[in-house]
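Labels A, B, C and D are assigned to the chains in the order they are written; within every chain, residues are numbered from 1.
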Amino acid sequence: MADVAVSAPVTVVNRRFRSLRPLLREPRVVWAGGFLIALALVAIFAPWIAPKDPLEQDLMMASLPPIGFEGYEPGYYLGTDDLGRDVLSRIIFGARIALTVSLVAASLAGLIGSLLGLASGWYRGWTDRIVSRLVDIWMSFPPVLLSVLLVAVMGAGLHSVIIAIAIIDWTRFSRVVRAETLAQSSLDYVTAAEAIGFSRRHILWREILPNVAPVIIALLSLEMGIAVIVEAILSFVGLSISSDAPTWGGMVAQGRQVLHESWWVLVFPLVTLFATVLAFNLLGNGLRNALDPVMRR
Amino acid sequence: MTPPLVSIEALSASSVREGGTPVLRDVSLTLERGEVRGLVGESGAGKSTIAKALLGILPETIRITGGWLRFEGRDLLTMPSGELRAMRGRDITLIPQDPQTALNPARTIEAQLTDGLRMKLGLRGTALHARAIELLEEVQIREPDRVLRSYPHQLSGGMRQRILIAAAFAPGPKLVVADEPTTALDVTVQKEILRLMRRMQERHGTAVIFVTHDLGVVAKVCDSVTLLYAGKVIEAGTTADVIERPQHAYTKALIAAGPRYDRPGQGLEPVPEAIFRQLRAELAGTAAKGAP
Amino acid sequence: MTLTSVFNRLAMAVLTLLGVGLVVFVLLRVVPGDPVAMMISPSATPADIAALRAHYGLDLPLAEQFFLWLRDLLHLDFGTSISLRRGVLQLIGERLPATLELTFAALVFGILAGGIVAVAGVLLRRTPLEAVMDFVNGLFLAVPDFVWALALVLLVGVLWPIFPLSGRLDPALSTDFYTPFYLLESLARFNWTDVGDVLAHLVMPTLALGLPLAAVIARTLKEALGEAMVQDYVLLARLKGMSETRLVLQEALRNAVGPTLTLTGVQFTFMIGGTVIVERIFAYPGIGNMAIDAVINRDLPLIQGIVLVFGALFIVINIAVDLIADRLNPRQLHG
Amino acid sequence: MVELNRRQALGLGAAAFISGLLSGRLAVSAAESSTLTIAFNANLPSFDGTTGPSAVNPAIQAIYRSIFDQYIGQKPDLSFEPGLLTAWGWNDDKTKVWMDVRSGVTWHDGTPLTPEDVVWSLERAGDPATGNPVANVWASIGNFTIDGQRITGDVKSFDPTIFKWMAFLTGYVLPKAYYTKVGAAGFEAKPIGTGPYMFDAYEGNSFLRLKANPNYFGGKPAFDTVVFKFVTDPTSRVAEIESGSSDVTLEVPYEEYDRLRKKEGLAGVSPPISDIGMLFITNVEPMLDKNVRLAAHHAIDKAGIVKKLLRGYGVPIDTLEAPEYEAYDASIKVGYDPKKAVELLSASGYSTEKPVKFTIQTTRGLKPKDYEMIQAIVGMWRKVGIEAEIEVYDIAKHFELRMSHKLAPAAFYNWGDAIGDPTTSTGFAMFSKSPHSAWKSDDVDALIGPLWAEPDEAKRIAGWKAVDKYIAEQGYVIPLLQYVQPILYKSTLKVTPNTSSALQPTLISKS
């Protein structure tokens, strides 16, 4: 589906991260995180920031070019689409949907995958066998086809896209978290905790989870980038969010039709989309580096 | 008069990262052809820095701040990198510390053993293979044919170290730098390896710089020894002189403390704190002297 | 891998495929969009509709439909496509080779390009160029395959038209192929005109699919190479006087390639999924192109067959990747 | 013969390989040669144009019409002309049909076309077991007898449109002897017909290559070779024509059409076709309120949509009959009147503050700008007090929902009717017993019912016009526009547009 490599970190560190300082020392985290925080603020305060109503159509104002080009109308900084809607405002409101989809879908996938991964890595035995088989079955589906099918089943819409991403991508978490849990559970601190007489469950939640958490956090960030791409792909195939609510993917699909006429309808959302995906990827890799002392060199 | 094989004159170096902490202070030593010199000191004493400088693999974090490092009269520090590379692996070779990690797990023993012969001496084909077998026999490996076909993980630690020794002596170097070659091995194997090294050295007439923290090992294989502490030469001389008549209190304490092959079971007293105080005072004195 | 473990994996593969079959079967039965609804006549009566439904066995209980499907599968009968009205197995047999040729071309491209970039990146360590390459690679990681496809259509197809935009073979070529493996067959026949034509048609879809793969490979391999380059054996080899290039290629590469290979296996299956859209854009007659038609037409037997084949491919590829990884790692070979 | 050694052979091969790589495509796609390459907008799933769902897909009729002939031909203006039948008709009391089969026609394999072929094709079409989607239409005639070139048959149930169907979907004559000999699979592998072009090579999802039929009864066709490239993605079709890889393409975005038809070496034509964009209204709340239905209709600025969104490519309409259709009644007008819409809505207690809410379903990308059009409509509705939520569905789901009468209160669809008869437009779309209708009410049924078998043609057409008028007054459906078909071609060619939307190679010639 999306090509973001998630290689299982095999390095094992028994150290909980307590301060943000190592994070701030990692430039990728600072830049990408800063961009994403800014984007989130833009999304949250969209109604105050956006110069126009993103849904307001005015066929008289259709296909206006962006600022600085001939035929530009004041107020429409990035031009308008073929229905006369303000591109900038639609990108700003689109950030709401993109961030919602990526946050909710990645969290759901992360929750399902991490729980299953933790369980199969810690309890092993039958739990592990069943979960691993499930992962195998799941991974055998071509993801694009599966997501298209799923959205066809559930009908296009925000919830369908989110559910489809969660249903397909939990395996990414499950595999990595399982490997990490397996590695952690063989370490001395776990043996020590067992010797003290903590319950299995207590050890899993209080001892192992905090040490697996950095991996999960890094994966979450990467997954959010993937979710943004998946939404774009589904929009491209004509599924995804259906109302006239602005989505970046939908804008790309729409802009592609009018590329030669009004390139700005395609280019600006596309650039925003790339920047966001890139930021999520950088943040994920930066986090992985920063939270994992052994990786730092 | 031919210059000595290695001559180090007033070599100083400092760490870039830790605020310019000196790692070598005015170190001088000479090494004649065929001589085996031990470089002794605890970790951080600067013995590895000297070895790395000789091999031209100083990390970027360490900068030479003064002095000369000559090999056959030519300054290694200013030598063009092409010449350095040509010299490396032919005139100067290394016996590494850990035989577990120093062999490429993905290549056969034969390939790795003969790298130097191929690249530096241009041997090929059956001549190469014959020389490889000869080398293995020299380091007393049985079934050399089978071993040559093996991968590193199929051999024991001692075997691997023998192969690394054979590889180091293979191109007929003038200087072998042995970087604590026995620390990763268990005691019984250590002895054999040391004996083997000495024999190889004598047969080839090669000079050896033997980096170690173990005076006992020095006593066994080295002709002369240089003792370092915090980048400064504390004591230097023939092995017999230094061991039998140590001048410096630190040397004496070390001899008293270190486990020794010649007197097993004796002397395991820690170096008294007073001696470290004295050492620190001396270093501070040098530093104070160095400052204008 | 020992014989028993290969056997175990094959047994597991069958179990997995069964699971895949069950999931897709159940999923498809709840898909809205009844294939029958699309083919009823303007004045059909409910009885006509029921008859059509029965004709395709859609009136039976779900469990029975599944059981019948499985039984037919065992006889290598994948059913008949509703929209194309031909045997599903036969259809897949015709289309799969096109997809296989495309994905393998993309795989080769991805490995070569990614490998070269990774090696170059390691050789250029600590130079400004490395940062530039890392940045570009990061950008490439964020560009999905269908966007590449669109960009390529515009660039190489229209602005600088040197490669054909659609299809797998020039319709004017009148070679009769005996197998659906056009590239292999024309190579085997030394028919260079055909080879050139097939390759020219492969260029753009291969790039679209292969560029993201190359980016992933480049990053993973570079990371692994970087780790391998600080190993003792590389240091020792450097002391033997080896050149940097040789150090990377001879000493580090084989030890670093393991994780990349595993990842490539996973990415390869993503890529096969990516054919669904890329083949569409380039009108490439592969199985992915057919898959979209099948979903649009709610052609249940065909979708089932395609998903099953995708699943089988995934399993085969991953077993193959593990076998290759074992080959490359002497420790496991002799261990 | 000169014998080459292996190295020479390889050397020659490499040269050919490189030149093939670099110049191969330039050498073969020139329009000057007698090859016509069409970048086509649909895949061809099957060569049998009489069975299976693809048989009723209007998009691929152009291909069927190239290889096969219809019983009765249809001109680009939708009027009928002799096809494989030279004459046809009913007897006076409409209990029998008669048809004269053209003589001297041969199949592509050289064997002559016989009346047996025609009878076999008709009977096969009427047999539901073969999978003909409109089998019951064909089943309305039967018991054929042959006398020389004349076929006579019984009318089992009178269908005034039966002869129109003979020029419409599934109305193709297939070779009886050949088909029985090779079977369905053999026929798919190498189909033969009587049409102007003969099957040559086929690669599913990729291309179809046809050769001219030198013995065609209508004269030898203009091109020696015709290639249909199946390029389903509109942007890719644009690239095909722009790069010169194809000679003709169709159904491209209007923006691209405008841009490219002005380009050097390219030309364009954009005829209105028998495709109607419409909103189905389902008889559920809130559509049971006539005020809401009519307000929804009055609030839509169809002319504005066509002008601004479709760049003028479309004909706004207020009935389900396009101007070319027989039952078109120009006097039926609904009109854009947002004020009236506001009044109607306020009469039912709705306003922009308290809007009436419902869902509207639409396809996305099925027809050019379909989704954008619905967005524009929703925007217009918002201004008068209608709050509609858009739901995207694909065409398969549309069929399913329509058949089970579960469409949303408003649902966008594209209705094609290439024979232009009111039964196949208004009839099937509005009659409650039809599985294709969304609005189901007795008042319409009462009007439509008697017209199905009305033997008097004039009375029949008048009846349908009355139905259309009533439907417009009641607001049971919202017709939006008649589509135009943008066709781009090299200016060295001449293209005769076809109202039925089938871009047949026979309508293209060298200029």
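Here is the rule we use: contacts are C-beta pairs under 8 Å (C-beta built on N, C-alpha and C of every residue); 3 or more make two chains touch, one makes a residue touch a chain.
Which chain is which protein? Per UniProt: A, C = Peptide/nickel transport system permease protein; B = Peptide/nickel transport system ATP-binding protein; D = Peptide/nickel transport system substrate-binding protein.
Every value quoted in this text rests on a predicted model; they were computed, and no experiment measured them.
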For subunit A and subunit B, chains touching each: C
Leading chain pair when contacts are tallied as C-beta pairs: C-D
Taking each chain's C-alpha mean as its centre, the one farthest from subunit B: D
Mean-CA-position distance for subunit D and subunit A (Å): 42
Subunit A and subunit C: spacing of chain centres that average the CA atoms, whole Å: 24
Centre distance in Å when subunit B and subunit C are each reduced to the mean of their C-alpha atoms: 53
Geometric centre distance via CA averages, subunit D-subunit C, whole Å: 35
Subunit B residues counted as touching two or more neighbouring chains: none
Multi-chain contact residues (two or more partners), subunit D: 235, 394, 397
Touching two or more other chains - residue numbers and ranges from subunit C: 32-33, 150, 154
Complete list of chain pairs which touch one another: A-C, A-D, B-C, C-D
Subunit D partner contacts - residues on subunit C that touch it in the complex: 32-35, 37-44, 48-49, 51-52, 55, 82-86, 91, 94-95, 150, 153-154, 157-158, 161-174, 190, 192-197, 199-200, 279-286, 289-290, 293, 296-298
Sites on subunit D touched by subunit A in the complex: 234-235, 253, 255-256, 258-259, 304-305, 307-309, 363-365, 371-372, 375-376, 378-379, 382, 389-394, 397
Subunit B - residues contacting subunit C, complex: 55, 57, 85-86, 88-90, 93-94, 96-98, 101-107, 112, 115-116, 119-120, 151, 153-154, 164
Touching residues (chain side subunit A, partner subunit C) in the complex: 1-5, 7, 133-134, 136-137, 139-145, 148-150, 152-153, 155, 225, 229, 232-233, 236-237, 256, 259, 270, 274, 277-278, 281-282
Sites on subunit D touched by subunit C in the complex: 9-10, 12-22, 24-25, 28-29, 35, 37, 39, 43, 45-46, 48, 51-54, 56, 128, 131-137, 184-185, 188, 201, 203-207, 209, 225, 227, 229-233, 235-236, 239-240, 242-245, 394-397, 399-404, 424, 427-428, 434-436
